[in-house]
């Protein structure tokens, strides 16, 4: 089922990093879409480019990065062409982001209530006098006990889980249409992870908010998201509705990734490993399919430039899919 | 058959400033005690892999450092091959024979390798210091270890920043087995690795255990990994062991409410199944000067009977090696873990 | 090693100022090494033309006893550098060892060494150096000792701070498990890892050490005439400025300034090379 007009559409995104040792083609022809209210997981291992994609959407890439092509359509606006002023308006109000290390993402010398109030005043058209009360309300919404007192706390006084809740409160303060969550639960305890993800999903559902969940954890993608985008070495290799992806993965990398994930009912010896290593993206001579050096299904066809087969909700970028 | 390691009533308390008091010696009352590890007892048999799970603040790291003999216990006995290790203070343990029998694989290979030492130096270190190997014999040993751990010999002259995550993990393992320890403590050895690399490392660890006849204490927060390679599992909460037993039993029918919550929090690999799970509410109780009569889990536990806050439960056997610290354990209640319907095409 | 050289080349190529500083340093080293042998006139010999302004015969002019100032300035490089190197070596050696012991062991080590550092730093450092030389006598050895003592705290503090951070690193625990005793860890694990930062510190304090030695000589507590040394030359020349004979003080002063400047730039460049995180 394809939504009428996607909320966010990334098309042919190319991002390069200029480094001393050469140019790194971090993202190549990355494309996917997120519909209103949809939860999409972007999964991949380290170096796959998932965080770079998110940063490109938000316009907060490193200074060494160059966007060399593509379009990021958010409604009518192309975020890649937008001015910094427009982007600054959109960030926090229409698109919000939460990050991996909650304590590091909060200002350590400002009270958490003030940090939430900042966003409300800047983006939410809330009067300075009303902001503190609204901030306390938001803390209650994200499930922080005794919110009035906690609003006066500094980040170091709160646990990791609570800091993450504060970050969610900041992100959701102005009711954004899209929430980008970059590995939001790495580093948190398992029970806290579950509670945080439930909270985000619940709040999202209530407000009709879409979510882009970046994670390396396939289990989390499966559990919380409608669709999955699989990335490898800067390419999108497959997208599909979640259940279908796990039941019938089409790209060899996706299949291997699933086969390598420890889960109930599989023994150690039954897990598959992926031979070889992530390609060195600084090389000038990278093959068109960046997975081909490690692929068991490699054939003579695979030296041709990559296609994108499929349409609608399902896409696979492979000449020899499973 | 004497177990390899037998820990009895092990405790470690840290003095912290009394609430509202000051650190000056002549002001305020006696300092408070933080009960990082409290009355912990368990065994590890030869050739066994025992998992240790628990969340932050449960005392896992302190327990690991006690077993490693990096710190001294406040009370209790650590019997290793029949000898009480706690007799020798930590500072002098380094010079005893036992040091070589207990080794460790660290979580963060980045942090645990000296940035100025090559991989070869790092692996050679314990062999040089604890076994007195030198020169050609040392070099041979390092090569043999690298081969055993699947580390290509060319990488031995590299520095940590020139190695990938998986390669650094192998260096850490090679170093840990350099002196052929009997007990290997692994502190989240694959937490920082990608899924595809994790498989290879776990399989390597399994092979090495069988080849070298070691026992493992495998500390991990990733319950799916624990399920894969551990024979038995210990669940810790606020310094105490709340449940222990054969992995299959504990995972299938956890008896302690905390274990049930922990297991139901893992992503279940069933799409959209996140509703209807057991959750723990609130924050953990304080580990400082805990009330000895109140169960540590009281207040967050779905149960909360009068007995729970008037009598501390003890670790009791509920059948076939399965022990639990609870007055009202859920014996025999199978935790529903759906078998995923995944067709694996490798 | 190759990558270190490549990195060095990159930083030098990127940063003209650093390259310039390295060039100047090389020049100074050459002057220090062979200066006394290649100068046109004997630095200590009086000459027939006192107080002559700079000319083609005497590039920097002559002083009140006819000695060629250019020769003296070049010859002085050796002495000033030797004093600076020796005192920095002393401060570095003692300070680093004390600092890492304080930072790693803590406890009484930290308390005692901390108090030593605090005591030294309670004095205006130059005044303390003056006091030490005045009390112990005007010899080069005492100048070196005094300069070394007043530079000791900076090394001790930096070393202590670094050791404090490193002692919590995983590889220190790993070393204990591998059978290293505490003292061995101090020398084989901690010390090598703080060396880069200490080396940067050396080049930064070298300039200050030269200035210190020159300063002591300037007030008469350093080397004695007719030794060629920048500080004492500036001091001599000060008497003649009001008569218009500016070159006697100016040239040694200029060269002194260049030397200190060169060391400071060197320090910055070394820091960039060694620890990119601290790039200013």
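For reference, chains read A, B and C in written order, and residue numbers begin at 1 within each chain.
Just so it is clear, a residue touches a chain if its C-beta (ideal position, glycine included) is under 8 Å from a C-beta of that chain, and two chains touch if they have at least 3 such contacts.
Please read these numbers as outputs of a predicted model, since none were measured by experiment.
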Label of the chain whose CA centroid is most distant from the centroid of chain A: C
Pair of chains with maximal C-beta contact number: A-B
Where chain B and chain C are represented by their mean Cα positions, the distance between them in whole Å: 51
Distance from chain B to chain A - Cα centre to Cα centre, in angstrom: 32
Chain A residues within the chain B interface of the complex: 45-46, 145, 159-160, 189-195, 197-198, 201, 216-220, 222-224, 242-243, 246-249, 255-269, 271-274, 277, 322
Complex interface listing, chain B residues touching chain A: 55-56, 164-166, 194-200, 202-203, 206, 221-225, 227-229, 261-262, 264-274, 277, 279-280, 282-283, 337-346
In the complex with chain B, residue positions of chain C that touch it: 169-171, 173-182, 189, 192-193
Residues on chain B engaged by chain C in the complex (per definition of touch): 68, 70, 91, 94-95, 99-100, 102-104, 106-108, 111-116, 125-126, 129-130, 175
